[in-house]
Amino acid sequence: MASPKLAPDWDIAQWFNVDAPLDLRALRGRVVVAGAFQMLCPGCVSQTIPQLRQAHALFPESEVAVIGLHTVFEHHAAMGPTALEAFLHEYQVRFPVGVDRTSGRGEPIPSTMRRYGMQGTPTLLLIDREGRLRRQTFGHIPDLQLGAEIMALMREPANIDAVSTDDRQRRNPQAKCDADGCAIPNESE
Amino acid sequence: MASPKLAPDWDIAQWFNVDAPLDLRALRGRVVVAGAFQMLCPGCVSQTIPQLRQAHALFPESEVAVIGLHTVFEHHAAMGPTALEAFLHEYQVRFPVGVDRTSGRGEPIPSTMRRYGMQGTPTLLLIDREGRLRRQTFGHIPDLQLGAEIMALMREPANIDAVSTDDRQRRNPQAKCDADGCAIPNESE
Amino acid sequence: MASPKLAPDWDIAQWFNVDAPLDLRALRGRVVVAGAFQMLCPGCVSQTIPQLRQAHALFPESEVAVIGLHTVFEHHAAMGPTALEAFLHEYQVRFPVGVDRTSGRGEPIPSTMRRYGMQGTPTLLLIDREGRLRRQTFGHIPDLQLGAEIMALMREPANIDAVSTDDRQRRNPQAKCDADGCAIPNESE
Amino acid sequence: MASPKLAPDWDIAQWFNVDAPLDLRALRGRVVVAGAFQMLCPGCVSQTIPQLRQAHALFPESEVAVIGLHTVFEHHAAMGPTALEAFLHEYQVRFPVGVDRTSGRGEPIPSTMRRYGMQGTPTLLLIDREGRLRRQTFGHIPDLQLGAEIMALMREPANIDAVSTDDRQRRNPQAKCDADGCAIPNESE
């Protein structure tokens, strides 16, 4: 079986809800759940945003990075950074959101969307601790399945050599979901 | 009991989904169901817009005018006419929508909202065939109740003297809901 | 247009939530909203029962009689009166429910269901103040439409001559929906 | 930390949707997701049954056993085996369901329910490959969390010595969720 490839770097013009840019290298060691959305895409608003918000609340940030990618490919004037900021405020989105960079030369599809060959919004990306793209799906995935897939990736050992020292500290193997969350004591501990 | 007052005129800067402005005088003779909303208000998007869309599909336009009022009182830069137009397109809103006029002098509450003393969005207005405000409610009303109240107003006779000739033609007492709609044969026919 | 016919009498073996049997004659003067259901029919449980419960809460009982008809045509042993009583308790059904009578001679379709020629459950019946069947629909009707149709029937004048004195008292034209309900003051009062 | 205890044996009077009784010993080597419900418990019907049905469709049966336990502690006459059989048919429940045994001596709480000290229905049980009770929760757990917890248990190695030969064959470590399911290729393969 062909090995999964490294996820392409994303190309972000502006970040919300973070102190510093979150490139994929900085996320090594953590599972990444990224949802590409548009703030005026009805299915994204009714399904993807609540699902990402729930994942962000459930899994420990030291283990799972939940990220929104605002991949605008239509109605650009209506969905600029000012509009997005208001949207994130009104929908109480607290997880990091990056704005996919537009070329500005009449190309409607933004940069990250093109690199990944996304078909539209919403698109869900799952990236493992070593930075490899393990799922890319256009449309909605049921919560039960997403929960299972995130945990499967959480339970994979990362290749330590491929991970920087900083990342190793961030990836705390003792970390568990919180009291209301998904903490199942691991017998091997 | 005090009689209901005439509904204040609304003050609309721009209309969508209509050929000509829809002032209240032009709507005399019809029942008016107006929903004041903001395109980035989550409850408006998940409840009010679908409810107005359903009312628009159910009742005959000659009898019931379903209208959206975009009453922006926060995040003005994010919800301008261009953004609204994209929103209406993405959410497949086909009923008339008017943009409540802002004063532009640092007053965040737009004109119509102030005239009615609305407390926020969503706000539902029901106006009878003679132009009187019969309900103004901040928040959501169940579909069953709204359907009943619209029909109650439909079944009230308009004071013919108060209605212009044009309006009288528009208000066709024989008009019924369509085949999938609410047509109950009236025994008096 | 052919006039609507009188609704056939229903044939009820046992009533719940009432002091005395509710035959159609006793209901003259009121609008009747009757939902034929089976307690193990998933669509009835998820849609019809909540809709009837909401109608029962919204409209005044002196004007609108909301009634459930337990029309069992399959799994008879599982849906007898004892099971139904438990169901009504668990689902907090407070409106009157009549058990459609079975012939007991190997005929699975109960009596009322046959008289009306119902195709299955749920089936919604709307009967006007004079006892005429104005709607019979197999399946679900949206709340907005049902609310409108109930109100349309409420606003029809009953033929007084056809209504008994007792019924005339019950049909109080001043009655309104309650405070949370659908009371729109009628200008003609 | 105290080790989780072995799950108590359950005490089943009758099974549906299986060829042979499913005692916990026979399930060793598999993760067990058991939902205790009553067919006339509204929350069980609207949330637990759909969740179990979805889990049954998503995870491979060789890895995860999804089981319903009909733990009737009220309205016993209404929820006997005949009624349950009709319920399972109408709600299209295909996973195994066991009827918790009643003592019949005026004790309303059935046997398994007492052994586990359940507080009511619905109650969710998660049992690991070695038969230990890892979660017992009265009420509903979100799908995202349940998916994560099931996968966490799937990814735990079973203590081979504690598992019989038959179970070892059943517990196929190569087994994956199906095409629509949760198959994430494991890098260690």
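Note that the chains take the letters A, B, C and D in the order they are written out, and that residue 1 is the start of every chain.
Please note the rule applied: a contact is a pair of C-beta atoms (placed from the backbone, for glycine too) under 8 Å apart; a residue touches a chain by one contact, two chains touch by 3 or more.
Quantities reported herein were computed from a predicted structural model and do not represent experimental measurements.
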item	value
Both-way neighbours, i.e. chains that touch subunit D and touch subunit A	none
Distance from the mean Cα position of subunit B to that of subunit A, given in whole angstrom	40
Cα-centroid distance, subunit B relative to subunit D, in whole angstrom	51
Where subunit D touches two or more other chains at once, by residue number	none
Topology of the chain contact graph, where touching chains are joined (line, ring, star, complete, other)	ring
Of all residues in subunit D, those that touch subunit A in their complex	1, 3-4, 51, 54-55, 58-59, 126, 128, 134-135, 142-157, 177, 181-182, 184-189
Interfacial residue positions of subunit A with respect to subunit B in the complex	40-42, 45-46, 74-75, 77-79, 82-83, 85-87, 89-91
